[in-house]
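Let me give you the structure first, and then I'll get to my questions.
Each chain gets a letter, A, B and C, in the order it is written, and its residues are counted from 1.
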């Protein structure tokens, strides 16, 4: 079945699977990493996984019918996601630097001041 | 002929009162230091004892032993009627059966020997007393005149009250003497009134008993309302028209059973049709009866019985109200022996036995549960106590728990049997401990040790007491008194366990605690008498006690051994004496049948040989293990108890602090009561006076008061709420760990859970796959 | 298997390898390298899927911008103790327990979708000359013109009211612009050195 999946023409499912792998890797990254910057990297992976989905659903080549469910909308949203990811990275890095200068560490477990 | 018995008992009952009155009026002038008062009181109680024995013998002559209970023969009547309102009568009367007479003999006998013992123990009171526990403002110890006559005065009053409680034929009279007994206890605990600890302890005993008595008053009122009388049974022909409590309750429960039977036969299972009411009563009377019984629903009966039981909880120091008894050890040791071990605390057990026909199966279950909890808690506390009298106090509480358990599981004779045997051996143990304290001048067991060389009589008699309370004996052959009575309770509990598996744990608790009992009793004995003296100063001063004290010890030791026995060749013994007046509870099956299938077993079933042999062997094994552990730790000192104490410091602390029950009461009740009292005092001083004096300032002060209410009550409520929410928050903060990664974890778990729920329950997954 | 497929598998393998490297390595610099690898491969996938403009943007914004930003972050906070932060075993257990069900349910949905599609594929002929979305379309959409919708490109004509809401992306575009501005200011504010 896997061989059949490899040999068959590239469909939207292939893209989806790649996106899922990136997404899950990002989640795991968020859970296991204590370094705040590593966690940001995980967030980027998650966003990329989502972006792959958007692009796949907007790409007519991947659909037998010759047209895609999203077309232009998917790509525009993917673009917005990228822009917001960049913005998020900027702000999050600024926060990370603040965290570092306040606690003297990038270990998020040390920042327990918000607990109830 | 029948008339002589009440006269005998009346004389036996009133002699201590006479002694009390005489000592009250002329005590200080009776001989040097009031020694004559002691003679008078001892004489009075001695004659009482003789009269009681004569009454018992007379009774046995007319009602020979060996018959079976159930239709117990009772002699009841009124000596003096205080007031009569139609059918309701308040009177001083007697209700005599073999239990009453047995209690009479037991109380007067032990009291007599304690009177004798006190001549030795209290001889210091004959002169001016130098109290080492009280230090005056000038730094010197207090010197006060002796109070020898006062001591005997209270003892006499106590004997009178206790006998009145035993002989009473109605609950009203029981209550009156119940309170008298309580006040005697108060006086005697606070005998060393200059010691703050004694005053506190007497107050504590009185107030804690008050709590239980409040429930008892409710029970009295309930029975008065539902039955219209407080007499157990009415004498002679009057019972036809104005039946006593027992027959009213019996009617009510019979009616209930008839109804149940009718219902079950209606359903198509023709079991035995309810026995028809015996004819002969007129229609009007039957109507009256039904009218009266309608108020007495099973639930009300259960609750009323439990309310009466509240009084017994207080007096017999059962679980929630047991806190007063250990502190009551502040009193002189003979008092502890007489009141807080042998007789008064047994009054609660006696009352439960007396009102047994009023108790439903559900109420008895509560009695058994309270007894089980008590015997367990008290035994665990005794394990770590170091004060010799406190060990015995906890042991008393624990044994009272056994009695309650015995009664609660249907062992009427078993529970009372233990009451009698316990009275002997616990009085012995207390008198022995008094002898030790007298010799050593301290209560602390770690300061003693090796005393058997110095005081062989005390050591030997104490050993007998320890063996008796542990239930030592050769299984199935012969044993000390405790062996018989404890086995009877355990056998009955075992039977209860077989019929009600849900409450089987009570048997195992009771069995385990039997081992614990042996452990702490022999721990006491080994610590005090065995090994080498640990404190040279104490050991040097130790000496055997005066002859009066030793005599009492020996007599009680003999009785501790033999009181469980039956005279060979006959059926003469305490069990058969009790068996004669055995009664059955109001109902033998629980009313909550669907929820808890409760069934009180018949007592005779527990006499079955196989059960008895089995339980007897187990109990013996438990006691042997307890003894073995005590010997290993304290006898041959193979293991050091200090190691165990260090290792299990938390448990040890919990037990040493008596499960923190006192602290809880202190925090919940005492502090708040004191605060309320302070508030009341404040109001008294500042509001009432001020209203009289400064009416013009009323508005301003009122606003202050209001502000105060605002702060204490309104803010208090808000603060309490806030504190509650804060606590909840503290508990919830585990989830708000402040750890980002944990949050993410929960988000993912939430996603997965939502997806699964959506797939399974909402079919969203199916929709997705359908496109 | 044609060239598209070969490239797809190559790029997909690179992306997955990069993502796994990010997860597994305890070294923060290695993780950043893994991220670059993954992002570049994803850009390639975008090209393959016909989204050339997005692919270009991916390289510019992500690989060129975000990763550089991250690299700065790494350098600014770099101390030897933080460069390597090992994850404890229990954390890995928790992570695996967490990730496995998530991956399973996501893959299951992807498969369900693909299964549906392949059923349709078998009934239809696959047309490789499908018209892709060009960068021009994207740019026009962002300034408010959508020839694919407005013109007659084979899509169903919609009702006037419906079309009004679908006309281009000029409002989101402006919102994003303002958002970027705010973010720039905010980041500068947050990252400034505190003067006591």
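The rule we apply is simple: a residue touches a chain if its C-beta (ideal position, glycine included) is under 8 Å from a C-beta of that chain, and two chains touch if they have at least 3 such contacts.
Since we're looking at a predicted model, the values are computed, not measured.
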Pair of chains joined by the greatest number of C-beta pairs in contact: A-C
Farthest chain (mean CA position) relative to chain A: B
Geometric centre distance via CA averages, chain C-chain B, whole Å: 79
Computed distance of Cα centres, chain B from chain A, in Å: 73
Chain A and chain C, separation of their C-alpha mean positions in angstrom: 6
For chain B, residues contacting two or more additional chains: 745, 748
Multi-chain contact sites of chain A, meaning residues that touch two or more partners: 27, 31-34
Residue list for chain C, restricted to those that touch at least two other chains: 94, 98-99, 102, 113
Chain C to chain B touching residues, read off their complex: 94, 98-99, 101-102, 105, 109, 112-113, 115-116
Contacting residues of chain B [partner chain C, same complex]: 745, 748-749, 751-752, 755-756, 759, 765, 768-771
Chain A residues within the chain C interface of the complex: 6-18, 20-29, 31-35, 37-38, 40-42, 44-45, 48, 51-52, 55-56, 58-67, 71-72, 75-76, 78-80, 82-87, 89-91, 93-98, 100-101, 105-107
Partner chain A, residues of chain C touching it in the complex: 1-2, 4-5, 8-9, 12, 15-16, 19-20, 22-23, 28, 31-32, 34-35, 38-39, 42, 45-46, 48-51, 53-54, 57-58, 61-62, 65-66, 69-70, 72-74, 76-77, 82, 85, 87, 91-92, 94-96, 98-99, 102-103, 106-107, 110-111, 113-114, 117-118, 120-121, 124-128, 130-133, 137-138, 141-142, 146, 148, 154, 169, 172, 176, 179-180, 183-184, 186-191, 193-194
Chain B-touching residues of chain A, taken from the complex the two chains share: 27, 30-34, 39, 108-109, 111-116
